[in-house]
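All chains are identified by letter, namely A, B, C and D, in their written order; residue positions are counted from 1 within each chain.
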Amino acid sequence: MSPDFNIVRTARAIVRVIDLHAARDFYVNGLGFIETEADDKHIYLRGLEERGHHSYVLKKADQPGVEVISYKVAEEEDLDKLATALVDKGMVLKWFEKGSQHALGRAFRVKDVSGIPVEFFCGMDTVERMLQRYDLYRGSKMQRIDHFNCMVPDVQKAYDFYINVLGYACSEYTTTKDESIWAAWLHRKPTVHDTAFMNGKGPRLHHVGFWLTDPMSIINTCDVLASLGYASNIERGPGRHGLSNAFFLYLRDPDGNRVELYTGDYFTGDADFEPIRWDLNDPQRATFWGHEAPDSWFNEAMQFVDLDTDKPIAVSGAKLDQQKPNFIV
Amino acid sequence: MSPDFNIVRTARAIVRVIDLHAARDFYVNGLGFIETEADDKHIYLRGLEERGHHSYVLKKADQPGVEVISYKVAEEEDLDKLATALVDKGMVLKWFEKGSQHALGRAFRVKDVSGIPVEFFCGMDTVERMLQRYDLYRGSKMQRIDHFNCMVPDVQKAYDFYINVLGYACSEYTTTKDESIWAAWLHRKPTVHDTAFMNGKGPRLHHVGFWLTDPMSIINTCDVLASLGYASNIERGPGRHGLSNAFFLYLRDPDGNRVELYTGDYFTGDADFEPIRWDLNDPQRATFWGHEAPDSWFNEAMQFVDLDTDKPIAVSGAKLDQQKPNFIV
Amino acid sequence: MSPDFNIVRTARAIVRVIDLHAARDFYVNGLGFIETEADDKHIYLRGLEERGHHSYVLKKADQPGVEVISYKVAEEEDLDKLATALVDKGMVLKWFEKGSQHALGRAFRVKDVSGIPVEFFCGMDTVERMLQRYDLYRGSKMQRIDHFNCMVPDVQKAYDFYINVLGYACSEYTTTKDESIWAAWLHRKPTVHDTAFMNGKGPRLHHVGFWLTDPMSIINTCDVLASLGYASNIERGPGRHGLSNAFFLYLRDPDGNRVELYTGDYFTGDADFEPIRWDLNDPQRATFWGHEAPDSWFNEAMQFVDLDTDKPIAVSGAKLDQQKPNFIV
Amino acid sequence: MSPDFNIVRTARAIVRVIDLHAARDFYVNGLGFIETEADDKHIYLRGLEERGHHSYVLKKADQPGVEVISYKVAEEEDLDKLATALVDKGMVLKWFEKGSQHALGRAFRVKDVSGIPVEFFCGMDTVERMLQRYDLYRGSKMQRIDHFNCMVPDVQKAYDFYINVLGYACSEYTTTKDESIWAAWLHRKPTVHDTAFMNGKGPRLHHVGFWLTDPMSIINTCDVLASLGYASNIERGPGRHGLSNAFFLYLRDPDGNRVELYTGDYFTGDADFEPIRWDLNDPQRATFWGHEAPDSWFNEAMQFVDLDTDKPIAVSGAKLDQQKPNFIV
């Protein structure tokens, strides 16, 4: 049964960094984000295709951390219906009036079923779309935000909430030998995901995924980053995911925040699309070419900040024992 | 106001050809379609990403013509609700029970407001998806069907019907000097279009658009077609559309049917996306690089076949005088 | 019989422009040349791969024109041996001592057998190679100078001189129905050409060809030029040459000077390589995909400036009647 | 001082495999080599660009091993002059008359200064070039042979012989802290190399390098190999070499023989080109993006077979202590 509200897509993340100048160099000069606006505490970034004011906010702080991850709903009334549905589930919302967050309309934040600080909004200020300003394309030719990937202790619980309460659909998932769900890729827009959940110590944000136009933009990103002295910020890839079929690159920014550059995947909008199952230990699941991911990719993730206390959110151990695939090509 | 049914996307076309063998060589060897199945009167084709049995049917006939263009709805009940809405408008439906068309579920056909024979269905047999069978990739690395483009005498009328009755949204449109709508790009899935309408003698099908992964697949298509002796089947491009920002190539098959290979465009799923307006005579509208399209591209299109009589549908002259852009770079 | 001197490759051109600022914007911002140095009368440009000070000189003048096209020899003694060979043929050399031309070693200029002002030199100042400064890559990601293409009234005469006197080899050539050589591609470095000669009113310089890394750099060039308002400067392409197999784009700079962006071709360094013959009217010769070149491409070319008088060199009509292919795909 | 003979380029390798069928599937279906000819003991392979009968010979044997690596000279008289020069150095030649090796002209084999079995020849049968048969392009779109890389105990000795006796030039080299040459890239054709020597237990053949047109051909190779079940044959990459600037992929065939797919590098034909020096421990030397090569890449290589005894050639330990870089990005 579909909910009576319409969440459209992954929309923005607010990520803390210690040094705004260092972060700007990495994201703008290295990755090719458009800097919409900045003040002494924030840099508002967007991709070349995006007409919204921003999809990624760098916020100056004493230590790294993720303030919130946000989704856009279709209409203002969807926001109210969604709020009602969550309050009915006993959840506590924190509302932000239009304008109380820079360039953003009315919004609320809530701890989701895994404890992740999630935000929903409908409206954002619009700015000039740079899609056909090819003269401004740099680095990865950053197009738009695509998805979030979160580590949570109980993937099944997150899965049930996003599918049954929020109306997400599952495109692909990973199971352990005993058929427990180890990870799941869930979407609202008809791509492989808006949000993925992986079994692990959490809740933590594993990465924010950004959409590029093609694999050569990822190769070019590696070349540009290496030219600028950021070779050590390349954590994993480039490669082809088996799961999702996307071409990917994982990067760590100067504060250690992880972003994925992502292109490919496929159309998932058919109502009768059947989710694709992968065994956790299938060596082509993570990288179709059989390359192993580094341990840091499995062990390290970004801490969320508590909506109320502004302190790092406490994390719990994963419910499923296996922390990473047994890797045998 | 949204309708209470959900059309998901462009789904298939049935196109008549005189010589099945010649058509197979062009589409399978040249363009890289997967041939799902064939009998002595049909070839059922699909793209590498498609799990549906087919998205393009070649049907043997004495003369070329387009039998129907089809859309997929989300659920079986959407089909009934849509049928009711159309019958309420006074339209006459022609139902096909499940299985009466090969590999297809329950469906109905109807002449749309421009007289175009349109089909809606929910279910189709599924087959193995070849997305990760890279060893089978050939030619254009054909991925999936994307859109239809139709020439109609009255674009405003088609626009109103698809927007107001069928629940499409407009991504981009073209106007003449007096602000009449000369062409419009309308979508259900969040891409630039599922269906475009252009001012012209009609109703006729201008082309069926297929999605590729990247521009190099289009360059490769030109090379492969030229190697196989199909250079003269390349009608226009490769190039970048200003409108849609897509990278494109227009081809004529051995019977003169036109297909577009198409990659790029952008996400259009935000409810507050504002349609982009182009002047008909803007030289970067059709081709961002300023290249002029050949006259054949404006003058020639495929005839639809009447649902009842099986004869070519009569066409009328365009309502707006200007048949093509005044081209001055 | 090989000559006793060693010409290595196409090395530089000096091209006159009326507005240096307009030219800089086109070549540096549009095409991605590195500006090594400039004064109020010159801009010295080089590609990302080039360690020589420049390969293309823009020189301010009242009207466009080509001052000289230059080749690099292996050693200083090759310069002297070559000079001797030319003087023995009755040719008149004009010597320039080291430093008398900015950044250039000892050089001489001479009118070749077609009347083209040609220069030979061995040494040029070297500068930092930017090949791995991917952060500086812009537009076409310009790599290096590749070749010259000249229109001359008597291709056979030019062919004989470059092959027999200068020691070039022929990779491909075009003949008319009566087996006259209509065009020839001649090389010293083992690529398809350092210099091509085409039948036409001349001597005139048809274009200077520059090497790029791959076809996508050419697609990207079109996008960037269109973004910057240079759509009308795209004269022909992108496309694949049948002859040479290279992927190409022809551009006109703000003064109408023509450059070709060029990538692909193949290794021609085997001594037993047999030149490939093409019929002038083969539609896949010029563009493998069958696209016709515009008339301007056949009719317009750059005038050379006389070494002595600094006036435009007089041109003569072509010896072979056919000025362009009869084009039937 | 240049020698009086002219070695043109790397030309072919004869590599032993245990299972010809398995090898064919890997090289032809996986990598896209053209199979010119085969008998029950040999498969003769060439790239799409090659007009020579073969550049890579698979020879059935009981155990893997490299029979010979071969270079092509310009003219038959170069072969004789080279032979004389080598005999003058006290080397022993083994001549093969024209036709005694399939499709090959007159040739001789000799143990080079490192004990490597090297062959020189001038003529080879020619066959149809498939460069413009894009319909036959598969897998990596294999173009042509490019280079050999050999592990030898004494790189300085090999360097001196190839530079001073054979007339090679050095494009790039790697030194240890005390300025000893740890590796060197040497060329005859004007690319980065025809032959590289690396410090290591040897003589052994580290890999045969083949030229592709662009990086996407390498990405496509990974996808195709993974589809065909060859994921575990991908040993290293894809990546960008710092040294050479080439884009690369290292593969192990079913018998463990190593090939490199290679594209990029740059023009090295200027006589005044100054070799580029790299520190062995510079992390961007091997992979510009900072990725570490696996141990197998440093430790494993192919054994040569003795020209006379047909037994594996004895290998000696490396002269320089450091076997691989100290890797710190």
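Following the convention adopted for this analysis, a contact is a pair of C-beta atoms (placed from the backbone, for glycine too) under 8 Å apart; a residue touches a chain by one contact, two chains touch by 3 or more.
Given the structure is predicted, the values throughout are model-derived calculations rather than measurements.
Using CA-based centroids throughout, the chain positioned farthest away from chain D is B. Taking only C-alpha atoms, you rotate chain A by 180 degrees to land it on chain D; that is to the nearest 5. Distance between chain B and chain C, defined via averaged C-alpha coordinates, is recorded as 44 Å.
For the pair chain B and chain D, the distance between mean C-alpha positions equals 50 Å.
For the pair chain C and chain D, the distance between C-alpha centroids works out to 33 Å.
Across the assembly, chain C contributes residues 132, 215-216, 223, 226, 288 that each touch 2 or more other chains. Residues 215-216, 219, 222-223, 225-226, 231-232, 234, 238-240, 247, 283-284, 288-291, 329 of chain C touch chain B in their complex. Residues 29, 132-137, 139, 216, 220, 223-224, 226-228 of chain B are the ones that touch chain D when the two sit in their complex. In the complex of the two chains, the chain C residues touching chain D come out as 6, 8-9, 49, 51-52, 72, 74-75, 122-123, 126, 131-132, 143-144, 189-190, 213-216, 242, 245, 264, 266-267, 269-274, 288.
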